[in-house]
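One chain, chain A, links the two complexes that follow: it is found with chain B in the first and with chain C in the second.
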Partner chain A sequence: MKHVELLTAKQVERVHDASLWVLENVGILAHHPPAREIFKAHGCRVEADGLVKFPPEVVAKYLRVCPTSFTFRGRDPQYDRTIPDCGPVVVTGSSAPNVVDPATGVERRATSTDIANIAHLINELKGFDIFSISTLADDAPPGQFSLSRFYPALKNCLKPVRSNTPNMDDLRQVIRLGELIAGGADAYRERPIINHHYCPMVSPLTMDVDSTEAVMYLTERGLPVYTTVVPNAGLTSPMTLMGTLIVGNAEFLAITVFQQMVKEGTPIIYASLPTVADMRTGAYAPGAIETGMLCMAQAQLGHFYNVPTGGYIGLTNAHSNDAQSGYETGMNTLGAVLAGATLLNMGGLFSSLMAFDFGKAVVDDEIAIMNKRVVRGMEFNEDNLALDVIAQVGPGGDFMKSKHTKSLMKTTAVFPKVADRGMRAQWEAAGRPDAQSRARAVARGILSQPNAAVWAPELDAQIRAEFPGLVAGEATWKEDETTA
Partner chain B sequence: MGNEAMHEQLKKSIVDQDEDAVLEAVNKALAEGMDPREVIDKGLLPGLNVIGEQFECEDIFLPELMQAALAFQSAMTVLEPKIKEAGGAEQKKGTIVIGTVKGDLHSIGKNILKLLFETSGFEVHDLGIDVDLFKFIDKANEVNADIIAISALLTTTLIGQRDVIDALKDQGTRDKYKVIVGGGATTKEWADTIGADGWSGSAYDAVVLATSLVS
Partner chain C sequence: MKHVELLTAKQVERVHDASLWVLENVGILAHHPPAREIFKAHGCRVEADGLVKFPPEVVAKYLRVCPTSFTFRGRDPQYDRTIPDCGPVVVTGSSAPNVVDPATGVERRATSTDIANIAHLINELKGFDIFSISTLADDAPPGQFSLSRFYPALKNCLKPVRSNTPNMDDLRQVIRLGELIAGGADAYRERPIINHHYCPMVSPLTMDVDSTEAVMYLTERGLPVYTTVVPNAGLTSPMTLMGTLIVGNAEFLAITVFQQMVKEGTPIIYASLPTVADMRTGAYAPGAIETGMLCMAQAQLGHFYNVPTGGYIGLTNAHSNDAQSGYETGMNTLGAVLAGATLLNMGGLFSSLMAFDFGKAVVDDEIAIMNKRVVRGMEFNEDNLALDVIAQVGPGGDFMKSKHTKSLMKTTAVFPKVADRGMRAQWEAAGRPDAQSRARAVARGILSQPNAAVWAPELDAQIRAEFPGLVAGEATWKEDETTA
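== the complex of A and B ==
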């Protein structure tokens, strides 16, 4: 597929040069002392206050050793996904504090049981490739904040699981969980099935302590970790798309160079969540079209650097599964895939990452499948020109009866589960169900079935023995049919 | 081959939507001396029933339904002469005159419906596309039709359906026929407004509708 480009090749080079200028002259403020040491030891100038200045040749040197792909691994290897080749890879949105209760429709704090149910749903929805743990777990026992998220997620999903941890203790616990699942530390190093993600770059041009430490720790050990840069025009970056692109790109180059300095050849992703703040109120607007545009331009930069790109694209500010939710997720993700982005963190969240909704996840699955159809493309080849069938049916004939139609009718087009293609009378007879109620019915159909992805009782017993007091992590779908 | 095994083979060939296999099974059954009515009633129709059920629960799609119907139709070209030879009358559910209204050249939906009507046992007289309103009435009179089925895809030609019904009223023959309407531009409300006897949103449902109107 020919990619859509918002910038010319010359403009892309100018953005690169401008980013180098920022890194050399403005610099990055690194708060984590060991990170400053790494920068200093590998050719950067580090000033007394922790400001790191990057000579362009140092950036160039470490960009050269950067791999061109990144692999996500799941409990079942058939769900492993490497980008850009398997792209677009579709990921759920993550770490929302709340969930829209499936029984009452009221938003509340999310629990580990919600995570188990969501994991089951994402495991079954074909549009999703990776389960980024969608919510927090309000019922987490003391000292098990992250375990209470990763345990129900991994237990109920064979696809790659992705998320973050707030501190080193949690990170080590989660890796231990991975080792138990893999059958030992060596086996885990062979196939690390927890895919870590952090945002160590805090716009503008700053590196934090906790996430930087986690990224260093994982990179040193060769465990999969990637980062996202998050500039917000008008607040943490200039009020131009170009200025925001450059701030985000400088931050991406800084963290990428850092990871290569820690360990050369570490796979990375150029991931971002760029926004333009809504200056009427200062509101955060990840569903705005400018987010999609910035991701499109960033995809061009990714092609320039020969690294996979994407990010949190397809989020929405909407609070229900309404038209806004659909057009914000639909338009932005379509733009991103047309530009060649191969990672879309898009699924299941309302209110700018605040709440997970089961119906929204099902609609986003459908949007993901549509986007993947676009990327599959027109499938140009001589057979597909179908000249013999055109001649055989002839003017005024119909293709419905042709064997050619029958042989291709299940693969040429997407069959949506949510979109209604019946006639108005049928829709009215069915009680005028809207997209949300149709989507909820799909979720209900999946979650009322047993989850075959759950691991063996022996492994479960072993894990529970290692972490006493652990949450149950069972997918149990409870829904009041009268409110369904 | 026993009769039951033969019925099963006939049925399976229809369910497989395989025209060659249908013809092979029909010829084999006739060669073994099976009554042509038995070929239809015990073999082919049970196969079509399965196809209908599969279509209703979306196990098979419209082109597959069509191919099973086409296979059945080509079997009937072999079986009908045999039934007549044996002096048996064709059993039919009823007679339908079908066409697309004046000014409208769309035929595919109408053709699908025609095929399904025929497959389900109706005698169908197809007037084609761009049909003048009096052609519907004259043909219905000529063949002593039970049903006049009028298709319209375009919103601009929809009114042609009402014209047929109004003309029947003017002639005082409205009660002689059941008039059913359908096509992309139509709705249940439209059918009610013009005083049609029925409307259907799909070809498959139209067969159910027509069957209920003649029984």
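== the complex of A and C ==
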């Protein structure tokens, strides 16, 4: 596929030059003193107020040592994914405080049991490649905020698990959990199956303390970590797509250069969640088409830098699984994929990033599979031109009985599970089920089965011995059948 | 924008060559004897069984005389649209037998009053450029099947109106209606405001009688008419995307060459509705992602031939305005637009092409506006880079109070009417309205107002005198408020 380009090559270069100008003349405000030291030791000018200014040649030097790919590892190596080559790699949306209760349909605080159920679902849905832990866990015991998320997630999912931590204690606990699963610190370093993600850049042009510290810690140890930039036009970046692209790009360059200064050759991703505020109310609008456009332009920048790109693409502002939810997630993911983005954090969340819903995750799985079908492409080859079949069937003929049709009928097109292609009368007779009710039936079918992904009791005992008081982390699906 | 390309330039050429091979060796079955005469008189070989074989040089000769643009005209010239330059030009879906009754929510046969109401709505929705008459009229008096559709449509809409007719009597009546509106036959020839569309090509590789006759008649007279090819992989074309592309392309070349043989320089559109049958049931699946992909590839062929492209892109199989309806219409329209298609027959229909819905039309208007925003692009210019604003606001600053933000806050991004960007709690408090209920409220707001597009009583009297017994054609919106 030759990707769509919203900018010319010359315009991309101008964005790069403008970003360098911003880094050299406006700078980045770095709140974490050790980060300032690193910048200073590697050629940046650090001013008294914490402003870091970047000489263009310093940026160029550290850009040159960036790897061109990033690998996510899972408990089962068959689920390892490397971008850009395996793209689009599809990831769930992350860290919503709430879940739409599958029994009542009402939003409530999410728990570690919800995370276990979600992990089970994502493990089974073929469109998803990576489980970014979709919610927080309101039942976390004191001192186990992050463990209460990572433990149920990892226990119930063989695919790569991804999330963040709020502080260093939590981060060290989570890495220890990974080592126990891997069978020791050396084995874990060999196959680090926890994939860390942070937003150390706070727009405009600021680096925070806690996330910066976590990124430094992980980068020093060669553990997988990547970051996302999140400019919001009208509030934290200029009210133009171009100005917002430049702020985000300058931030990406700053954090990327930082990671390379900490350890040259650290794999990175150009990930973003750029938005334009809806200035009628100031509302956050990650489902807007402008987010998709910014992600498309950013994919071009990623190609310019020869690094994998993606981000939170396909979020929706919708509060239920309605037409808005469908077109916001569908349009922005497809746009980004056609522009060459290879990482989509897209699945399962309503209300921007506020609430996980099981039916939404199933619909998003279907959207993910459609995006992957597009990337598979037209399958051009001489056999597929089917000229002999066209000649044989002839004008006015019927292809249905052809052997050629029978041999390809299961592979040419996606067979959706949720999309209804039946007759309208059948649908009326079935009580007019919408996509959401069909999707919830799919989720129910998966979650009412035992989860083969759960690890051995011996490992579980070992982990629970190391972390007393740990949440149960069992995928126990309970749904009132009457509300199904 | 540099469009996405699913095929390489070499693959596009191979599709062209393969299509020429099909036309020369397999041929087209032409059922209409006068059409066979035209083919014969212009260099094709016509065999005894009605098979027409095309020497490649004949195809090449008539392709060379195709204009590169097509113009749709409306009652008010400000709504005239020429593609590709004005693209994407957005058209309603057409000729559904049914409407979802706005009062009861139940599907029923559509009437001429429904057409009048739909015309009023489409006249007001800014995302739509052309009103392709969305339904049939079940109340048509004998002998006025088409008049009962065109009359309420034209009376209530200043934008270009488009549809077909089932026979020559109907076609002549409709043209006479156009002449009355224009103020005479000469004035109508000058500005033909009825835009005709037919599907004379029946896949695979067959030309019918009635539509072919209509296309000939209109082409001879220089009246605007274009055609759509509709291969369906697995039934009327091979079960590969490439084979289906080739069958459709051969059909497009045949009908295009035919129109040029009838009158050189006739404006045409490369329009299609390619599908892959869902072979689990044989279901028709115009909402599938493979339809979008075929339209994307076909846009590349259109660029190769330097003619405008588009078609029925963005139809949905969904029976209600749910997530499926949103992602099917959203994804396929955006994919086609990013590939350079400039005509989208996308709005307002459920269940493939079975039922019009007022709320669906409003949601599709919003999707149309999003697609147009993407085509407007990143708006690259030195001012929009906003480097001075970035420097002035500085790291950690706030762009909200900047003059720059205030001056651009109403134009940078789309302000959607249907998409909900409020807080989840507000939405819960409002009774959890989904996109469909918000969309229906928008439709209600428009249709409860008088329609300024209705023509003068004098013209109406003149038309009604010429066609006694004509339907009323009044947009009279009646909705039970309790079901709203």
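By our rule, the second predicted complex is superposed on the first by the 484 of 484 C-alpha atoms of A that agree within 3 Å, B and C clash if a C-alpha of one lies under 4 Å from a C-alpha of the other, contacts with A are read in each partner's own complex, and residues count from 1 in each chain.
The definition used in the following text is that a contact is a pair of C-beta atoms (placed from the backbone, for glycine too) under 8 Å apart; a residue touches a chain by one contact, two chains touch by 3 or more.
This structure is a prediction, so every number in the text was calculated from the model and none was measured.
*Asks:* Return first, second, both or neither, reflecting whether A:K401 touches chain B, chain C, both chains, or no partner chain.
*Replies:* first
*Asks:* Could you say whether A:D278 touches chain B, chain C, both of them, or neither, answering first, second, both or neither?
*Replies:* Only chain C; A:D278 stays clear of chain B.
*Asks:* When the two structures are overlaid on chain A, which partner does A:I246 contact: first (chain B), second (chain C), both, or neither?
*Replies:* In the superposition, A:I246 contacts chain C only.
*Asks:* What is the contact status of A:G422 with respect to chain B (first) and chain C (second): first, second, both, or neither?
*Replies:* The answer is both, since A:G422 touches chain B and chain C.
*Asks:* A:P142 in the overlay: touching chain B, chain C, both, or neither? Say first, second, both or neither.
*Replies:* neither
*Asks:* If we overlay the two complexes on their shared chain A, which of chain B and chain C does A:A18 touch? Say first, second, both or neither.
*Replies:* A:A18: touches chain C, not chain B.
*Asks:* Just chain B (first), just chain C (second), both, or neither: which does A:P457 touch?
*Replies:* In the superposition, A:P457 contacts neither chain B nor chain C.
*Asks:* Just which bits of chain A does chain B share with chain C as contact spots?
*Replies:* Correct list for chain A: 396, 398, 400, 402, 405, 409-410, 422-424.
*Asks:* Tell me, which parts of chain B touch chain A in their complex?
*Replies:* Contact set of chain B toward chain A: 17, 61-64, 66-67, 70, 107-108, 111-112, 187-189, 201.
*Asks:* Within the complex, which stretch of chain A touches chain B?
*Replies:* The touching residues are 396, 398, 400-403, 405-406, 409-410, 422-426.
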